[in-house]
Amino acid sequence: MSHSIAILGASGYTGAELVRLIATHGGMEITALGAHSKAGQTMAEVFPHLRHLDLPVMSKIDEIDFSGIDLCFCALPHKTSQGVIAALPRDLRVVDLSADFRLRDPAAYETWYGNPHTAVEMQGEAVYGLTEFYRAEIRAARLVAGTGCNAATGQYLLRPLISAGVIGLDDIILDLICGVSGAGRSLKENLLHAELSEGVQAYAVGGTHRHLGEFDQEFSALAGRDVRIQFTPHLGPFNRGILATGYVRGEAEAIHAAFAEAYAGEPFLRLLPLGQTPSTHHVRGSNFCDIGVAADRIPGRTVITAALDNLTKGSSGQALQNANLMLGEPETRGLMLAPCYP
Amino acid sequence: MSHSIAILGASGYTGAELVRLIATHGGMEITALGAHSKAGQTMAEVFPHLRHLDLPVMSKIDEIDFSGIDLCFCALPHKTSQGVIAALPRDLRVVDLSADFRLRDPAAYETWYGNPHTAVEMQGEAVYGLTEFYRAEIRAARLVAGTGCNAATGQYLLRPLISAGVIGLDDIILDLICGVSGAGRSLKENLLHAELSEGVQAYAVGGTHRHLGEFDQEFSALAGRDVRIQFTPHLGPFNRGILATGYVRGEAEAIHAAFAEAYAGEPFLRLLPLGQTPSTHHVRGSNFCDIGVAADRIPGRTVITAALDNLTKGSSGQALQNANLMLGEPETRGLMLAPCYP
Amino acid sequence: MSHSIAILGASGYTGAELVRLIATHGGMEITALGAHSKAGQTMAEVFPHLRHLDLPVMSKIDEIDFSGIDLCFCALPHKTSQGVIAALPRDLRVVDLSADFRLRDPAAYETWYGNPHTAVEMQGEAVYGLTEFYRAEIRAARLVAGTGCNAATGQYLLRPLISAGVIGLDDIILDLICGVSGAGRSLKENLLHAELSEGVQAYAVGGTHRHLGEFDQEFSALAGRDVRIQFTPHLGPFNRGILATGYVRGEAEAIHAAFAEAYAGEPFLRLLPLGQTPSTHHVRGSNFCDIGVAADRIPGRTVITAALDNLTKGSSGQALQNANLMLGEPETRGLMLAPCYP
Amino acid sequence: MSHSIAILGASGYTGAELVRLIATHGGMEITALGAHSKAGQTMAEVFPHLRHLDLPVMSKIDEIDFSGIDLCFCALPHKTSQGVIAALPRDLRVVDLSADFRLRDPAAYETWYGNPHTAVEMQGEAVYGLTEFYRAEIRAARLVAGTGCNAATGQYLLRPLISAGVIGLDDIILDLICGVSGAGRSLKENLLHAELSEGVQAYAVGGTHRHLGEFDQEFSALAGRDVRIQFTPHLGPFNRGILATGYVRGEAEAIHAAFAEAYAGEPFLRLLPLGQTPSTHHVRGSNFCDIGVAADRIPGRTVITAALDNLTKGSSGQALQNANLMLGEPETRGLMLAPCYP
């Protein structure tokens, strides 16, 4: 028996990625697709790569009948999402891919996103969607807030080390390079091929990137004290993938052991042998996150690296993984696609 | 019950693509991997993106025990393949991805490949592996010769038109651009990133590309007379994908209708509405081949276009499709992956 | 003594390319930069790569004082350009990079561009800017209309052959792939990196591309009869460069000889030895156009190829070459930059 | 009057880049080109983009007559270079682009490069070629050792800050991403387009990259004490460019002021306004190095970034700048090319 699924925001990259993954899931049927400006169009018109699938035409969200829907993915932009979700039936399972319910503290939300939250009453209900660390809560949740793609990468790289107490907390540096699909299908000059290909640039330098709100919230809760990391993202000339390089104080062996323990049995976290480094090439199109650890030549310092696909493990794959839990499906269903390489 | 599968030439791109596809097939188990210089290594060492899979270590081919193997994919280089296949058990089902058994006429083989064929006796046994046009023969075959990736693209674009008699046969022009994975994982200067990215060049200009041997053989057989097309391939700065643009004499409507009839019910051939054009982006990582037809401003001339992924539909996906037929599996099993876009 | 130069449309790619070339010209000083929405900004803000140059702030065009300006480059969009140029002082030398004055016949202009021309009286005055073929006229001209980038490539490839009578005129096919900067710095979904990189697609299929207006005009005039070619452009995943592949009836040796004669002494046209093919990589950032000729395996047919950089030889380099002629400078001044490879 | 120039190692990327730059220098004539395996070939065969230049055929190095040569660029691989240079006339000015004479201490050389130096007696004579910091010595030098491309980038980013005493010396972190041409034109699997495009990976993780030898030597000399930085390079999917991101303790304003003072009047160092970040796109093909400074949200920490083109400012442009000084030419001659963007 198939679950009936709605996807709001189907005309964006994370929406299309959900459709791609669900196409071979086997236990889900997409019965409603919601969009704004592209309502009335077919998925084949908006994303021709999906033209072989039998999908509903895109509708305005307020014209969708949610009775009978088992779970709704909400892949809308930040700020839009909170209003839409507040208007959905209160018993509908929702996996939100936006930033709107990631921060539990309304003041933190306002600080990082620049506007007051308009659905404050639902913030308490939302469960943070980093599956491997919130599994039990997600299973029981009605509303799950998917993590940011950079935030997911950084947390896979740092959470086990903070929990195990194997690194210093006062000078963690996270340097990261992200592919362009992380910015969505929006018409911005800096996302044009001619502006991006064949080069690289840092952005949001100096601790201004919004995903720091998630790092602060999660790492501080984990450590039981305030943790503030340094974080510099770069925009790279590729479509999919995030590579994070972390600089920490701690012994490489202990760090590697902490990862090995934390990720033993995890189906999507692939820890590399000590000294090896992951590549975004090797996770493309998949739900895997690869982790590497190497001792630095300076005693007591270690370089840690993580790679994942921002659209899959960093967003829509994570969302499907959470939906599987919420619907009582096997967690890995539809998600064991091998990376697409080369 | 799973079929036991061997892959020879597992250290190349088409070998890795076979593993990627079989990983979610469900009815096949890879029990032997053969390689030359990389024998003794694990697949994870040679292709780290596949490190989550439980696979046999690569062996020298002559050390593989083929008893119990249901089907063997042979993804070895041209010229090597014929000798290896000749030495395999004579009752073992084989899908060859090389060029060695594509040409039925030994003289044609020698003309295009420059050396005499060393397994002439097996050429008659081999079935040409363009699934949609040789389905019955493939089902019954022991040895299937996968088509060239350019040859597949050109045939999807031209066979139905030649069969239906809707185009002139004396001035067919096929202009094509192929991604770099078509050249394999070989160490050649022109395949370096610095030589290839951000530009494009024609090669094998003037009718010297080996896949013309396949075009000549197949189109002539189909037409019942000699057919010689013009064919210029280009090497483009992308990894996966072939786009073919054909210039033919004939009416666009009749051509579109001939495609519609020929490809009705075909699971992997997606015919676009008249006037639209396919993109390699929209087939990446999938087994689909998209087809477009547009009338030219000059009466009686039509421009036809086809896009497929050279590693999937052009090679390993096609091979798996054929293997499914040979093993009595559903033809589409393991092959309904949606394209990976963006 | 330096010529005083104005550039209108300085915030686009062809405007920036003019500034790049003039930066090492030595005999020109940029004294005015005109822009619309970016008026008031510095060039360093709009194009940070040019931040070392001492340039005027961008002004609204109607605030520029053209007295003292020796020559004005107009790098504005089609349709905008004609009105702006009509309003300039009538004795000001102008090199227009838009399409507005390329077609001598107002009816042809309206057919291809979809709107009536608003400066019909100036169309007669304009000289077509394909330097090598209109040198004398350009030297004497007040208003020069730069050719389209695809149109330039196709003409370098076909004019000498039509003039020499060495090819058939009734079945010329021009297949072309162009880099993305040819579409300018405009915010269109299909120009995003995520939509373009790692793939290729045809566009304007079937004889609908506007540069056909130039081909029709020029080839027909040259042949003394109507000539209509088939032309399919493709958009490739690279920023600079056009590669044109032509399919013609004619003997390769005669064709090569016709090129050799036509381009002997031309500083920017590099004819390759018979059988070799040019690459866009080898002209990037330069004013060169490389030409290749190869006999097809079918007797009497020849494949011809040309490569140039659309922003340089196809647009701003060509414009500077013309400006040099109009100002009495050596034609190659500022244009002998070697291609930037890799 | 032109200086007579020899280039050894002309068949590599840095050799070709030297030819590209010298082509518009005006005061240099290339009279000898040396190569190993490609001796006997023309430059047009090895690098077709340079086919318009009138250049000598490549010779075996021991067949070159160095009498009459004013300066010799040596663009050979590490280890090869030292023997070749030792065999050159002792009064010939030499600019070496390899690593062989960068480290003054033979033990340090052996540590980082794994073999004993075979021309130890010349190490003392060699001047370190980071022009802006060794100008007087270079002017007087016979043998100049060009810096490593990563080493140059890191030093432009850190030297003024160490000299001015505005940063802490014990926890400097340098994270860097480099384009693929930095690895040269060598046939290695990881340099293939299919392996590199559309993704990113760290390498030489943990303080094992050879350019650390230069950092240790230079930063320690500058600080008057041992300085050991952490350094992680990444390989990015682009051909030209290095972007370095540095994490330092210090106040952003003081750091910006230190750069402003150190680089005032420097023709090739472009300091951006406080808070802005450079891009490799904006230096491509040029001799510029752009520098950015931004305060971190954590008080007392600053993020600094630098971008340059590894083949130009990081290698051949730097070499030409040094050659200009050695020959009494204006330092910027032939080097004021504006970046090639997009």
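Observations on the model:
By written order: A, B, C and D. Residues from 1 in each chain.
Keep this in mind: a contact is a pair of C-beta atoms (placed from the backbone, for glycine too) under 8 Å apart; a residue touches a chain by one contact, two chains touch by 3 or more.
Chain-to-protein mapping (UniProt): A, B, C, D = N-acetyl-gamma-glutamyl-phosphate reductase.
Source: prediction; values computed, not measured.
At the interface between subunit C and subunit D, two copies of one sequence, more than half of the residue numbers in use are shared by both copies. Chain centre most remote from that of subunit D: B (centre = mean of CA atoms).
Across B-C and A-B, it is B-C that has more C-beta pairs touching.
One inter-chain figure worth recording: subunit B and subunit C are separated by 39 Å, centre to centre, where each centre is the mean of the chain's CA atoms. In terms of their C-alpha centroids, the spacing between subunit A and subunit B amounts to 36 Å. Counting only residues that touch two or more partner chains, subunit D has 13, 181, 194-195, 197-198, 237-240, 278-279, 281, 284, 342. Looking at the complex, you find that subunit C touches subunit B at residues 171, 173, 175, 177, 179, 194-195, 197-203, 205-208, 212, 228, 230, 232, 234, 236-241, 243, 245, 247, 275, 277-281, 284, 292, 294-298, 301, 303, 305, 307, 342. Those residues of subunit B that touch subunit A in the complex are listed here as 13, 16, 19-20, 23-24, 47-53, 181, 197-198, 239-240, 270, 278-279, 281-286, 288, 290, 336-342. Chain contact summary for the complex, subunit D toward subunit B: residues 13, 180-181, 185, 187-189, 191-198, 237-239.
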